[in-house]
Each structure stands twice: as structure tokens, then as C-alpha cells.
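Two complexes are shown next, each including chain A; its partner changes from chain B in the first to chain C in the second.
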Partner chain A sequence: MPRVKIYQFYLIKTSILNYREVDGSYNVAVAVVNLFKNLVTQEKWNTAKDLINLIKTCGKLLVKELPLQTSAENMIRRMLKIVRDEYTTACHEQEELDIQESLHKIVTSEEEIDDYSKTVAELKDSILDHISEFHMELETSIENITKEAIKHIHTSEIILTIGKSAIVEAFLKEAAKHRKFEVIVCECSPLNYGHNTAISLSQSKIPTTLITDSSIFGIMGRVHKVIIGTHTVMANGGLRAVCGTHSVALAAKYYSVPVIVLAGLYKLSSQYLISHEDKFNQFISPESVLKYSEGILTSLVHVYNPTFDYVPPELVTLFISNAGGHAPSYVYRLLSEMYHQDDNDL
Partner chain B sequence: MNSKTVNEKLHSKTNVEKENIIQAVVVADSFNKTFAPASHCLALLPLVNKKLLDYTLEWLNIAGVNEVIIFCSSHVNEIKQHLSDKVYLSIDIKVLVSEGCYSFGDVMRALDRYAVIRNTFVLLSVDVIGNFNFVPIIEKFKTIQKNDKEISMMTLFKEIGNQRTDLGNNFIVAYNSENRIIHYHVQNSRNLELPLDVVLEQDFVEIRNDLLNPGLAICSDAVPPLFSDNFDFQTINDFIRGMFMNEEIIQSTVYCEILKGNNYVAKVTNWPMYQIVSQDIVRRWTYPIVPDISEKYSYSKNSIYLKNATFSQGCRLGSDIVIGSDTKLKKNVYVHNSIIGCNCLIGNDVIIENSFIFDNVKIDDNSVIRYSVIGHKCHVKKKCVLEKNCILGPLVTLNAESKINNIALISKTSSSSICKLTSFSDGCYVYENSDSEDEEIASLVCEQKIHENNELSSASEWGSSCSVSSSPINLLDDVNIFYNEVIDSLTRGYEDKLKCENLILEINSSRYAYNVTVNEVNYNILRAILSIQMNQEKPTMKEILQHVDSKLKYFTPILRNYIKNEEAQRDCLPAIEDVVFTSDKLKTISPKIIQFLYDKDILSEEIILSWFDDISKNDVHNVKNILIPFIKWLNEAEEESDESD
Partner chain C sequence: MEEKSKEEILAERKQRKAAKQLKKKSSNKVVNESHVKDKIKGNLEENLDKMKISQCDNDALKTSNESMSVNPDLMTHFLDNDKKFNFSSNNTSFNNETSSNISISNKECGSGIGNGINTFMESVSDNIKTKSQLKSERRAKQEAQRALKTQKKLDEKNVEQFETSKIKVNKLKTKFTHKIPKTVDVHKVLLFSHLYRNSSIEENNILTNINTEIHKAVLKLGVQYKNKVIIGSNARVVALLNTLKQVIADYRTPTEKDFSRGFEKVLGDVMTYLNNCRPVSVSMTNAIKFLKWHLSQLPNNISDREAQIKLREAIDDYIKEQINMAGKAICIMVQKKISQDDVILTFGYSSLIERILIESFQVGIKFRVIIVDAAPLYEGKELLRRLVKSGLNCVYVLLSAVSYIMKEADKVLLGAHALLTNGYVMSRAGSSQIALIARSYNVPVLVCCETHKFSERVQTDAFVHNELGNPEELMKADLWKSNNNLTPLTLMYEVTPSNLVTAVVTELAILPCTSVPVVLRVKPTSSTLS
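Moving on to the complex of A and B:
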């Protein structure tokens, strides 16, 4: 299978495969964009249709290898959208850009659905330009989000966060340059990534308290804001975030504490929650809950160790992305801007 | 860019990094026939609906390994065919063939001849299931190598705690503060012998018996030549032992690494292990190598994994279930703790519990399957009952309403020359392995789980006794412990009217546990049977006679099983001396006992007569007079039979 060999070559070269673990979705997104940049430059393709097929085949392989990384899947969709956009722009220079802009146009449109098979001059260059532009956007996304920090964190506030998120850390550190406030970190058992966050924050001279997950509700009454990261933003504005986030969000709802979610646009997924068990969650090894060396006990009990929680959109107050702040109800709009409807199935 | 240039690029890349790549050698053969009736090729044995070879490769793919060398000595074409449509991104697969290998040691010697090993490599067998990354361990190996140039191997052990006796962790390892193994001892008894001089050389020694040895090692490139130099090494254990015995000559050291936490590893050595590892996979200890991630099953509560399975009305699912794609379950099927392969058809009202059903199996209405393994493309017809330990080889058709138990069946088409064939029904034969020890392993399948619940207390007892076992106070020697165990089993068997076959199994397992010789077994069996006490306080002569008679009758199958030849008969006669002749009451009925054994063809005339000559020369117990009438009768009987001839 020479075709597959070629994709293998790209995947090995971009060392994407090192990101099999759950964390580091930003790095995955960057690696995937680089991968497709190489693919577009080095592979032989004539029409946009060829390229779309190429990206889809390689993408499927990638998704199979990195089942935990939704940002990889998002980036593949984004790349497809870029190709489609550039093609449409080149073909219909004079026509209006977005055909799906209004319902009226969709109904009255008599044009056949384009199958992207026309040969277009300089398509490659324009696609590469667009990808580079997108790459820049990705690289500045953390910076853009942290810029918002001083608008949301005020002097002597108490902020609560959970687990470990690079963007939340950067956000809090940025705010600490200008204001004095306190942070409470939930340890996020059983993996206890919260410990790392607490250490990192206290090293930057932010007054930090580490609490157990069981005391979330007890302490919520004193908290002014909850600021969390997420693994994925679902299509309805819900979150697929680290296990324990749901209880934080529920406690915040009870005490009417605003929940602010920091997420780059690359985390926006076109998936909906269908079932908690199937394809949504990852149940990792029970080891961190019950040790294998406990012996006989392990065969007598069922241990579940889920990685993620689903947080429904009504518990989220605000998303802060690199494009600014959005309410959860606005996510569907972002989705239709960022991804093409034909790419929902890879 | 065409594929050719890509390949060239790939090659140039590997040339640059040749020094740093991690190689893994996978031995795709176990050199025994443990799983023979169900699958003739170990690498292609399905475990939770995936071949063992696929587990190994999937693991190595995520374990930081770059090049995999699969070493096969049989079924080469099947393995190559299987590999042809697989895609693994991180690893480069090579298949090496050497037909004349009959042991693990042979493989290592062949590996030395092929000269494919460039650097430190990972050595494992295809039946090892794991999920961890080798890179940090190899880093560790290399740091040790800087200080100790003689390091040849680093064996990996998994910490399993000392409550799990079911994993075959019968060894003790002692290592020093640098993790260098200073003593390795396969344990047959609960006693530990540790040479003092070895320990005294070290500042710090850790002795452990709560580990599992999966036969997995990081080896330096010096290992294959060492196997070539020492042609008697057959296994990794031989190698480790050889390192200690010839420490001065060989000049190599062996280190160990204890795997903890999320690092799972186990070896599928026999059917009980097969069952345990299956459960571990289903319970996700092997994460991320679990059916829902690698095979796109859907995972739901109670560890149920499904993929395109069709259910009809009234189906009930218990827990710990995997059902492969396109399998159809008809009405009112009940499944619990079982693995069902792809494309199976399960009929109405079938009950499947604690069983393994491979691909393309058809099970007709109203059958019951418990604790069994059903090979691929089998057909179990209506109303069959398969209880405990049934293993059906591939393509077996089981007639309607068969009831089988503790048996391995194969079809004619898959029979090979090593099997003796006993016809069971049309086209279906009883599988008997030529190697009796293997047969015993096979027959133990799935029994484990039944005991597991009941024996929780006894297992933890073992654990605690184990922790103090290093103290030397243990007056009973192995033979005595064995004798006591036999007495226990027999008394229980006699009271609860258990089947003699099961008792034989129990006796055999205690025999191997305490490493008792055949002669001692023969002697102790009869001694134990005769020593079982009566319940009554003061029995009359008649009651004693009845008791002894019924005991002997009940245990005849056991005696038949053990006392098969003249030597065995000679072994067991001293038991009569020791038990019967030392008790006054039993002494008087001794002729009856011997006559019974003679009637049942357990003892032959010649043996009895020569034995009688021996004891009458030096009559310690005054039994000559009691036995004389019987001997006379025996002589007459012999003459009569001679005359009639």
C-alpha cells in the first residue's frame, strides 16, 4: 500500500504521534497544521477534489492513531474548509462568498452542488497562504486570550480553577502582573494534575490554596469567579472537560458564581453529546483508583475511571476565545463559520 | 512525489538514526501445545476477539519501539498473510524464519546467526500483553550500562501483590540497591533458600515474592552470543540462572526493573492465565489497548463491549461481555462474563456463562455453555450442555443433545499426527495431548473463578504466611505436607462424595506444588486412603470392615490411576505395613484389604507373594500368622489357574 506509506512518512516526520496522551491539545493542533502544510506542498494533486480526498484519507489515519485528541479532528475539518473556501473564491470571484448566508438563497439557489473538480490556477499558492495565516492565528491564540485577563480578574478577588490547563495558568499569571488576587486550585483526583498548577502558580508569587475535590462545594461560597480550561467545546456550547469540572460548575450555579471557560477556537468541535459512554468519554486504566496489586479484590469489583465530564451549556457563563468573548448560545454560529457542513463526517 | 522517493527518504532517515533506534524481538511461538485444541498457532490465538500478535504489535507501536523483528518457526505463511494488511505507523516489521527452532534458546542462537541486532533490544514472546512505553526503561538500562559494562539483561517484573496466587508468581527474587539481581529462585515450596554469602556481600537486599515474571527483558547485544556459547540455555530463566552459576566465567550481570502503576504486563501461558488476562483487558487494566479504542467497540456500563451485534427480544446481558461484529443473538439469550467472536449465531434460549466463543460459531437453540472454549466455525446443535473445561477445536460439530464435561474435542480435518484419536461422535474426536503435563494445564481451564470467591480467605492466608516464610521454622517437610493435603482432599472427597477424577486433579496439583516423586505419591495415596478415620468412637469389628471396604471401593479409580505397574505396586505395599500392621484392629482384617486390592487387579500375585516372603523373614508386626491363610489361598488360586491353562 504505497499511499498509506506516504502518509506514514508525514506522520512520523511531524512527530504527531508523541501526543497520544490527553494533554497538549494546542501542540497537537500546531503539529496537524504543519503536517497538512507539508502535504499540500509536497504531494501531487490537480484539483481541489484530489486534495480534499488526500486530506480526508490522511486525516482518518490520524484520527485512528490519536483517538483522544479532538483538536486533531477539528484541525482536519478546518483544513478542508480552507481548501473549499479558496476553491470557491477562485471559481466565483464575482459571486457572493457564502452561499449559505441566508435561508432564502439556499432555497432559491438553482446551481448544482460543486464537486470541486475544476482545475483552478494558483489554487495551491492561495491555499498555502491561507494555511499560513491560520497558523499565525493559532500561534497568537494564547496571547489573545491572556490579553483579556485584566478585564475579568479584579483586585482581591478569589478565583477557583480545577486541574491543569496551560491557558488558565497563562491567564492568571498575566492578571497577576497587574492585580493582586487569590487562587484556589482543586486537585482533580485521581490524576492530581491540580498539584502541578498549584506549584506553578505559587512560584509566580500568586497566593494559592490547593483543596481536595470533596471541598469544592464548601468553598464555593467564598469564590468570586470560576475560571477553567476545557478539552473540547461541543457543538451546543457544552464542555468536554476534565473529570470534576461538572461538580465545580454545579456548585458555581448554586452560589451564582460566574463560570468562565478559556478555549482557543481550535478546541471547537462539531460533535454533540450523544451518550456519556460511547465515543464521548475515555475510561482509563483503573490503576489510579484501585491498585492492581490489591489482588483478588480487583476481579470482584467494577472500577470506572473516566477522564472527562460533560458540562451542559447552561452552566457556562462565558467563553473567552482568541476571537473574544462569546455566550454558549453563540457557539453554533462560530461552528458554521469555521467548518464546512460537508465535512461533519470525515 | 512518488512512493519510491518516499521510501528512499525513509531509508536515509533510518541510516542517520540507526544507532538510536529501538529494536524489539518477538518470538512468535511458545514451543508447547497448551492451546493446541483451540488454535494451533499461538500468534494467531484470539484473545478478546483480537489475535495475540496484534496485541503485541499494537503495544510496540505505542511503546517507542522503531523496528520489530518477528521470529517464527512454524505457521510462517499464515503469520505473513495476517501481517500483510496491517498498518502500524511507528514500527517497521521484519519477519525472520528459522524452521529448526524447538525452544526459546534455539531462537536466540538463530538470532545470533542472522546478526540483525545492532544495539540494546527488547526481547519478548508473542503471548506477552502490555501497555507501557519502553523508552524510559531503556534510558535506565543505558545509564546502568555506563557504570556496569557487564550488564547483559534487565528483566521486567510486574508488581501484583502477594494475594494473587492465581497468576503463577511462584518465584523469589533478591536484588541489591542498584536493582542488580543477586538471587533468583523458582519456588516449589513455601521455604526460601537464600545463600548467605550472596546476601552478605551487599549493603542492601530486597527479597520479593509478590512479582509476576512475564518473560520480558531489555537485552544488550551481548545476549544472543551468550546463548550461542551456552547451548544448554533453553529459556530466559535458564539464562538468568546460568548467569549466577557461572558468574566467574561468563562475567555478565542481570538487573531487574519493577513495573508499578499503570504499567500493565502479563503473559498468556495457559488457559487460566488466558482467562485472567481476558478479564484484565475487559476491565481496562491494559488501557489504552482496550477493545473500544483499538477495535472501535462501544463501551458501556458493567464492562459491556458491543460492535454491530443484533439482539432479539428478551436477551439479557450480565457483566464483562465482549460481542464481536455481526453476531446475532436470538430470543431470550443470556450472556455473562463471556467473549463472543464475530459473525456468530446464537439460538433461542441459549445460556452462555464464563466462556470464550471464537469467530463464526453457530450455537443452536436451548444449549447451555459454561466455562468452555469454543473454537472458530464450530457448530453446537440443539440442547447441548457444555459444562466446565470443554474445549472445542476449530470446525467441530457437536450433535444435538450432547452433554459433555471436561473434554477437549477436535474435528477430523484439523487433526495432526501427534494426537491419538478416539472417536467421540461422527467427525468429532477426543483430543489427547502426547505430553501429559500439558494436558493437565489445559484441563484446568476456567475452574479458577469458582474457587476464587470461596477461597478469598485462604488466599489471604497464603499471603500472610508468605511474608513470614523467610523465618526458618517449618518442621514439616514437603512430603509430609503433601501427605496431609492428600488426607484432607480424600476425607473431604469421601464425605462430600466428590468425583474421583477431581480428587486426582487435586492430588496432582499438590504433588507438583511440593515436588513429590512418583514413588512417594504411590506410597502416600494408599497410606492416606487407609488412614481416613471413622466418625464413631468405638467401632465394632464389623463396622471397621464395612468402613474400610467402602473406602477402598470408593477410591478404586484413584488407586487405578496411580498404581499402574509393578514398581508402583511395590511402592504402595509399605503403606499397608505402616498403617494396617501398626493398628491392632486393622491388622486382623489385613487379609481382606489385600484380597480386595488383588481382586480389583491393583496388586498382582507375584508382587504380593514376593512381598510376603520379605516381611515373613523379619516379622516385626507379627502378621505372618494372620496372612498365611490368604497366601495359601493365593497360591492355590495360582496353581488352579496354571492348571486350567
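Moving on to the complex of A and C:
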């Protein structure tokens, strides 16, 4: 058990805990990467094995605190993958990378299982380089996604979006520089994230219509594309997205409107939906649904205010990530490229 | 004999003419008086007699104003506290309440006006009261009423004297102030531009209509529709029919016309006025169709009294059979479909659904209810209050959470605004989403709808014919009024495709949606009515 400078770790961790909101997944990802960068530089470790254990221990602590911020968990896995990659490259410089790249190799490889315990020179530097590189990738992910905008939006299109997503806003604003189109925003009551999106888009001179959640089906018949953000992309290509997205996706399916999901690769999780109660959904104060001022009534009824909806992969047409566009059926492949199979359980 | 009778007729005509002239004179005087009254306001040094009259007028005005405005307030008050007031009209208690309210207001107005009239009458003439005289008196009363109304309008514009009549005055004022900057056209969604009602024209229409001979009770009803005090397809039609009963009772056939012709015109005026206040519902259109059919069946020479009785009976039958009994039949049918420990999901507030749930609960079936609610009206909260009061076990969520909660539901019960001939269900906005999600979770969707809401219209989308909600309820006006690129939009209704609905429960049977045209054809309208 490696000793961790617990106090320092907690100090940074608390700053991450501030990002509990739904739209904070990018910030969480960046914060986690920074945290582990510090961990790699400041903690004492000798072998890759030590480091992996260190990261795992800290990761577990973090995941326990942020069960719903999957991007934190994703980043931990990514860090582990980076360490493993750097170790293997350093050890087998002459050999091909990544034994699990093809089934053929897995079957034919006669190597003993490497336990990452060899001491490798300059491992720390290469890992830090790799993390920095990854950090850059993370920072440019929004930009990379928004670059795709004009490939997906044509002139005088009507686009529907729901809730508040920084990436969707950036995407639409980028497209608006080149094309003229309209946006319909669902308000997403009770928290009304949509209001902020609508105001922000309209300030960028995009003709915006804010609609109630109840008008979604009615208006969907005239919508050309649904472009939404998501909180997490599940391992099967499904979404964990803001409440109400399932309705939107179903209505879109009914009218055969394509649903495009914008998600940086850091949102890709290896989780599956088991049940809403199991590390999937979050229930926040029902005050915004039924006011406490209703008095006695509030004590007599059950009121739910869930944060997330699960959207099955068959309702999603396309993912656009910083690595380009993918069908939901391709997500499993991205997963295996991004995370090491040994890290599925932290 | 014939010649004699002709002579008689001639004499009668002369008499009438004389009466008319008299009436004209008197009405002119009333108008003059009212004008004078305005002057008095500024000029205190006028002679006492006129002062008295003007005061009388003022009193009458105030009472009428108060009764017009306070009652809706009262209603909302009732609504808030969940007291006796029901906006489900199935309950007769509500009917009585509104009608009593209305009658109270009439009495108040009547007495006020009566005072004015009496003094006026005394000062003007001490003639012997013949029949024609009585008639002219009545006419004079009406004229006086009209004069009062015009005055009221003027007063509203002029001074903020009548702050008691908050609803009306405020509404008018905000509209007027908004009219001046011409930003109205900007905040319209192109797809729905045909649904926006030109507020200034609409307002003017209502104003001009106040001048014409529209019954007080109808005016009040219009305001209640407009302010969404009376909502729901059933509530609206029952309120309309009850109001019409009053209109019928107070209706006198003009001398040259027969009852049915004359009243049909009145009915037309009433409906245009109400349509201006809020687009009429399918149930209302059907009820009016029914009433018109009855009117056409009346013999030409029928006396006012008889006609009134007949129509009143017809209306009572309609409310009883088409709404109350039909509701009962549906209740019995749905009860069989609710089994022990079921979880029933419902959306918004339908008076029929409320009745079904409460009656099923009282029969002894144990079940839970999930109430889903959504903007713009958040009417589900009202249903929640009532069900909880009746002792049902309830869950309350908003529309966005329906995907989460649907897996718990066993059945979905939805109310409807109307069933269209192509089998589509016209209902409150959001119903289709419920149906969609229910389908994806394999939960059956039952739509409950009495056949009086079946319509011969066809519609396949929510765009062609719909109603728009108040955008300011969606977002605060200061956030978007100045921003030309941002437009809030609320749809009131939508049509649910028939393939999303498992079955429709009507008083006749449980049917697939597509059977609507059959029901419309089979439905015994004209045959049993006669």
C-alpha cells in the first residue's frame, strides 16, 4: 500500500467536488488529469506497478466521492492506460505495441504476463509527457468537435436541442458563423437548463425558440436534426443524459429525425446500465417540482426529481467525438482502444 | 272579419311606432345623462338633481364592475385553496356555484341599474303603463345597460378609478402599452405564425362586443375562459351550457322574428365573442351544434316561454346524458381494467380521469397513482390535491422524469380534448410523449373520452390547428422581449397518432382509435334527439 500525501490529495479533491453539477464533466476530467499529474510528479514510486497501485488507490477514493461523475473514473482508467502504454513501449521498444490489438496476436502471443515490476529508466518523464499530451488533447476536444459543425448543419435547417451543454452551444455557434439555421431548445423543467442555452444562443444571433417539454412531440415533425450533449456515453453506446432526453430521442425516432450526440472521448465510460438506482441516476431536491409551500401535501405524496435519463443506443444515430464520427455500435471498439482491459475494475 | 283584423294590425303598428319613438327618446336621454355625468365629475357646481342621478349611475357601475371582476378572483381563490370550487364540471356542485355567482352578479347589477332607471323614469314620465310602455321600459333598461357599459369602457381608459376590476383593466393596459413599440411581429415562430392571434384586433373585438347585446353571464364566462379560470374540455362545455340556459331565460324574441331565428343570431354572437376570448373547444362546438339542431326543430309559432322550457330541458338532458352518464359508464368500464395493486400513470388533469380514479378507489380497489405534470398549466397539481384528499396513494413527477418513472407503471390513463375522425387523439400537449414512452416500456395506454368529444375534423399534426400558450409564463418577459432572436413558444394541444394508443374507452365500448368514424356514424344524434 503506497503512502499518499493524503492531506494534499484531499485538498485537490475537494476542488473537484465542486463540480457536482451535470454540465461539469469536462471540468472534472481536466481536474482529475491535473491531480494525477501532480501525483506522478510528487509521490515516491519506483516501478510502474507501484504507480498503478497508487493511481488505483487514489482513484478508488475519488470514485467513492464522485460516484456519478463518470468522467473522473474514465480519466483514472485513462491514466492507468498511459502508464501501462509507456511501460510496454519502454520495455519492448523493438516489438509491436498492444498485444490485444487483434485476436490473432492474443492467441499466438506466448509471452508471460507482465506484472509491470521492472525498473525502467526515465519512465517518469515519458509518462508525464504522455499525460501532458493527453491534457492537450482534452483541451482541444471541444474545438475538434466544433470543427465538424459545418459538416453536419446545412442552410435553413431546424435543429432541436435539450438542456444545457457547453459543447452543443459551441458547436451551434461555430456553425452559425457559416450557415443560417434555426434552433429549438427544450427548457428541461424543473431546473430549466434550456433557458440559459436559449439565451446564450440567441445572443450569438441564432434564431432560437424556447419550448416547453410538453411541446417536444408536437414540434418534432418539423425538426431536421436533433443535436444533444450527454453526460456519459455508456459502454453499449447508450447515453446517460439530462432528464427528458429519452423523450426527445423517442420522438425523433418516431419522426425518423437523426439524433446526433456530441461527446468528447473523456465521456466514454465502461459502465452499462443495470438499474437507475445503481450508480446511474441522481435524485435531487424535489422542491422545484412541488414547492414546500404546498404544505401538508408535500408530506403525503412521493415526488421524484431525477437528474438523468437513459437513452438506449438504438435511438442514437451518430456520435461526434474529438476523434470524428462514430456509430453507437462502434463504441465498444473505442473503449478497448482507450482503456486497458485489466482496468475495467479499479 | 279580415278587414277588421287588418285595421287592428294597423293600429298595433302605430302603437308600436309610437313606443319605439318613445324608447328612442328615452335612450337618447340616458346617453345624454351619462355624458353629462362625465362633465359633472370635473365640475362640482352642477344642480343637485343631476348629481343624484349620476351618483346612482356610478353606484350601479361600481357594483357591476365589482361583480364582474371579483368573482373570477374568488374563483381563483377557491381554486388555490381547493375549497368547494371544482373546475371539473362533472360535479354539479361547481355548476351551482358558478351559476349562483353569476346570478348574484346579475342581481347586483340589476338592482344598481334599477335604481338608476327608477329615478330616471320618475323624472321623465308619469304616463299610464300600457303593454307597449312596459316594452319600451324594458328596452330603455337595456339601452341604459349599454350606456353603462360604454361608460365603463370610457372610464377604464380615462382614470384608474376602478382598481377593483384588476383583471380586466390590467390586461387591457398591458396590451395597450405593448402595442406601441412594434416588436410584436418579431417574437413569432414562423411555423406557427398562423396561430398567433393579433392581440390588438382581438382586444378591440372584445371591446366592441361589450357594446353589443351580449348577455352579462356570457361576458363573464368569456373572461373566465380567457384567464383560464375554467379549463378542461368538460368544464368548459358545462359552463357554456349553464350560461346559455341563463341567456335563454333572459331572451325575448324581437317582435318581427321567430324564436329560433332570433336566438340563433344571439348564439352566433355569443360564440364569436367566446371564440375571441379563447378558441372554442371541440366539446363546445358539438354542444352548440346540438343546440342549433334543437333550435331548428322548434315550431315557428312557438311562444318564448315554451321554447325556453324546451331548450332548457334539452340542455339539461345533454349535460346529464352526454357528460354525466357517459362519465359514469366510462368509470364502470375502466374499473374493470384496474386490478388490485396496480400502478396507474396519468398526465395532467382530466375531470374524467379524476372521477374514474376516485370512484375505483371507493369501490375498494387498491392502487397507486403516478401523476405526471407539465407546463404550461401544471394542472396535475390540482389532480394531486384532490386525489390525496380522497385518500389515494400518489406519486408526482414532471414530464421530463416520465422515462424514469414509467417502468413502475402498469397502465396509462389519459384524458382527451377530442377524438378526430382519422383516429388521432387531440389532447393536452405532452400526451404523445407519455404514449411514446409507455410504448417503449410496453405499458398499455388507455384514452378515456366521452363520445360528445368526438369530432368530424381530421388532423395529422400539431401545427395546423392548435392554440398557443402565454410565452411570458415560459420565460420572464424581460429576458426575451428585447432580444429579437429569442422566442418562447408553448403549445396547448397536440395530436397523438392512433398507433400509440392501445384503446379508447368511451361510454359505448372500449374501442381502437380507428373506430371513431364508425362511432360518429352510428352515434344516435338526430334520431334520438327528435
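The rule we apply is simple: the second predicted complex is superposed on the first by the 333 of 346 C-alpha atoms of A that agree within 3 Å, B and C clash if a C-alpha of one lies under 4 Å from a C-alpha of the other, contacts with A are read in each partner's own complex, and residues count from 1 in each chain.
Keep this in mind: contacts are C-beta pairs under 8 Å (C-beta built on N, C-alpha and C of every residue); 3 or more make two chains touch, one makes a residue touch a chain.
Only a predicted model underlies this, so the values are computations on that prediction, with no experimental measurement involved.
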Original post:
Now for A:C188: first (chain B), second (chain C), both, or neither, which partner does it touch?
Top reply: second
**OP:** Check whether A:D309 is in contact with chain B, with chain C, with both or with neither, and answer first, second, both or neither.
**Re:** second
Original post:
Just chain B (first), just chain C (second), both, or neither: which does A:P67 touch?
Top reply: first
Original post:
Is A:G295 touching the first partner chain B, the second partner chain C, both, or neither of them?
Top reply: first
Original post:
First (chain B), second (chain C), both or neither: which does A:W45 touch?
Top reply: neither
**OP:** In the overlay, answer first, second, both or neither for which of chain B and chain C A:Q203 touches.
**Re:** second
**OP:** Return first, second, both or neither, reflecting whether A:F280 touches chain B, chain C, both chains, or no partner chain.
**Re:** neither
**OP:** Would you tell me the residues on chain A in contact with chain B in one complex that are also in contact with chain C in the other?
**Re:** 294, 297, 300, 302-303, 305
Subject >> Residues on chain A engaged by chain C in the complex (per definition of touch) >> reply: 187-190, 195, 198-199, 201-203, 205-219, 221-222, 243-244, 246-247, 250-251, 254, 276, 281, 289-290, 294, 297, 300-306, 309-310
Original post:
For chain C, which residues are in contact with chain A within the complex?
Top reply: 189, 191, 374-376, 381, 384-385, 388, 394-405, 428-430, 432-433, 436-437, 440, 461-463, 466, 469, 474-475, 479-480, 483, 485-491, 494, 496
Original post:
Any idea which chain B residues touch chain A in the complex?
Top reply: 1-3, 6-7, 9-10, 62, 87, 89-90, 131, 158-164, 210, 261-262, 264, 276, 279, 283-288, 293, 298-303, 319, 452-453, 456, 459-460, 463
Original post:
Where on chain A does chain B make contact in their complex?
Top reply: 1-6, 8-9, 11-12, 17, 20, 42-44, 61, 65, 67, 277-279, 282-288, 291-300, 302-303, 305
